[in-house]
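The same subunit A turns up in both complexes below, where it pairs with subunit B and then with subunit C.
Let's turn to the complex of A and B:
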């Protein structure tokens, strides 16, 4: 009883605060790139989301200055890394004497729409990520060493591949063979971890559009990944971001490329079903 | 459920923590309906020190989630929780000690971390495994500081 009373008092205090001091989203709410590609930054939430009506891109929570960097490919620092990937695309590597371009003769454009549906279930019924597809080509078709899961070359290549889906609507499959992976990802999303004892949902579902010290919390969507961050001046993969968020709550992160992070990636991607791919995006 | 378990544990262990000078260990803190009446250390809290702990990102980092107009020199105050302006007018010392030690005893399911527990959380980074975020004296200092927020 006493507990309920306390809770109500706090809730009222919280409400009063929301009314006066609630953080506002960045000034721009329409994302138009290069003056001609307009990307909707919100959409009706997919049916499986129980606690949110609208899903929103992380772009709308950033400052006007950060937003502007994503509105012109000449200003977007990601394109330095996309260019790195274009060079790698043609670079012969491994025992078979092949480059990506040896097999994918139509260029990276061949992958239009791919990122919008990743991760997905492969022919063996297992969940696979874009990163794994790239490494599969490297090891099995090129006879080359796999790239590190989230390091420079892989982050650049998945940015180049993601760019081919820019403007496509996110639509990852969560039924059939994907269902158990999705359930696992969902469980991870709602499980509190770390010394600070928080879940992804505590910040990105319960408190998005609220300031957490200097950070304006978004819904933690991944439709812009890999994303260039001003903070570390490089492309950041989804798994690297998950790791960062876990470390912030003093939780031991799962490995990059681990079953846990792959399942979480599927689940988080599915929370953005209906949003539009923005890769490569810019964040702070 | 959590409340019941913690209360039971505390009452079993309560007798061992009475001697002077020893801090009450996390997990031995005696909660009564969310409140903690007795000092965790027997040493009066230092409000000035508590103000430092409150703002420090590596310690309380209370400003991550709470605004507090008494700390204007820090430019970013979070808004996840209610403002702590006037907190001492809304809560007494025992209630504040309870909230800072383990706010889940007062606010069921809250996002606010428990600052004086050493277990009950999962997958902590190794160096934070089995330790509380704040020491007993830091909790007392923060409580003393909160009591100045009239």
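Let's turn to the complex of A and C:
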């Protein structure tokens, strides 16, 4: 009798365990791209983060439909823009008669892993972004006009470069010469601005995973940038997103490519140290 | 007229005879509706893909009329039964008279 009772209880406990296990699997389905590249969507927070234990990709806060778009490169609309960038890669421009491919003979694959460590300190001790690297090539080596910081061609090209790092673990340097920029970025992150008197941290640290009216707040990680947004059907760069956030809180945005946004980019990227590059991602 | 137009198609390379396969198609196109105005207030002329067809070994699979409300980079996904080995031909018709096409072969096995 006692034995039977034990068995029944054990069976029920087993069922209950199975039930919760399945529910978790449904909510936290992993991000697998093209059925072969699995990207972890969370990681232990880097040591410098005081208020968060786990860092999470923005992908997990999106709806199933939006998530699915990123799981197949054909369904992912970003690849229309990656194709545009591939055409630009071979297009001769400027007074030197060169295209990207004239110097980078091994193709965009030369940049594998680059985006995972950007922005970084250059030889002159200055903070530089991928966008600035592209424009430096255009003005210094191609003799061409620089592209606008976040416009179509630049966003497409940085998406193509970012794609080469997809699957690499984000690891931006924040020590040494980068430290003052990082401190500045951190200060910007925690400073309340605008008519609504909000800082980045109010939403993306204190209230992530909470609905802000109809939108599900993420941690504001930039491991998937440039990202295709369904709301405007184009690639969105980090600085354009910062600008959008600042407008939302009724603040006057800094310029795209400004020292402020570059420092903020470094700081926000460092908050995702340990996450995996998803570029080009799909968000709403 | 329209620039940067590039068709993309995803078709399995192999199928069993009589199997229904999923076909995905996308064409990059700005799909200007003809309803918008530029900074000076002039209407931006309509420029869309107005028809999409798919044929298998010369037999029509789908034939779609497209309207101005369809958003940029139109995407179509549909299932098609493959009775024998052959070739899918996908054709897009632009307002400006351009015709874009792509062919994909399917083997039986």
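In this section, the second predicted complex is superposed on the first by the 255 of 284 C-alpha atoms of A that agree within 3 Å, B and C clash if a C-alpha of one lies under 4 Å from a C-alpha of the other, contacts with A are read in each partner's own complex, and residues count from 1 in each chain.
Throughout what follows, a residue touches a chain if its C-beta (ideal position, glycine included) is under 8 Å from a C-beta of that chain, and two chains touch if they have at least 3 such contacts.
All values derive from a computational prediction rather than experimental measurement.
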| item | value |
| --- | --- |
| Partner chain in contact with A:179 - subunit B first, subunit C second, else both or neither | neither |
| Subunit B versus subunit C as contact partner of A:210, first or second or both or neither | first |
| Residues of subunit A touched, compared between subunit B and subunit C (which is higher) | B |
| Which superposed partner A:54 touches (first subunit B, second subunit C, both, neither) | neither |
| Which of subunit B and subunit C A:198 touches, first, second, both or neither | first |
| Contacts of A:74 with subunit B and subunit C, given as first, second, both or neither | second |
| First, second, both or neither for A:233, with subunit B first and subunit C second | second |
| Touched partner set for A:250, first subunit B, second subunit C, both or neither | first |
| Common interface residues of subunit A - those touching subunit B in one complex and subunit C in the other | none |
| Subunit A contact footprint on subunit B (complex, rising order) | 3, 33-34, 57, 61, 63-65, 67, 75-83, 90, 95, 105-108, 111, 113-114, 120-126, 128-129, 131, 133 |
| Touch list for subunit A against partner subunit C, complex | 74-75, 77, 79-80, 83-84, 233 |
| Partner subunit A, residues of subunit C touching it in the complex | 4, 6, 8, 10, 24, 26, 28, 71-73 |
| List of subunit A residues in touch with subunit B within their complex | 2-3, 6-7, 9-10, 13-14, 16-18, 21-23, 191-198, 202-203, 206-207, 210-214, 247, 250-252 |
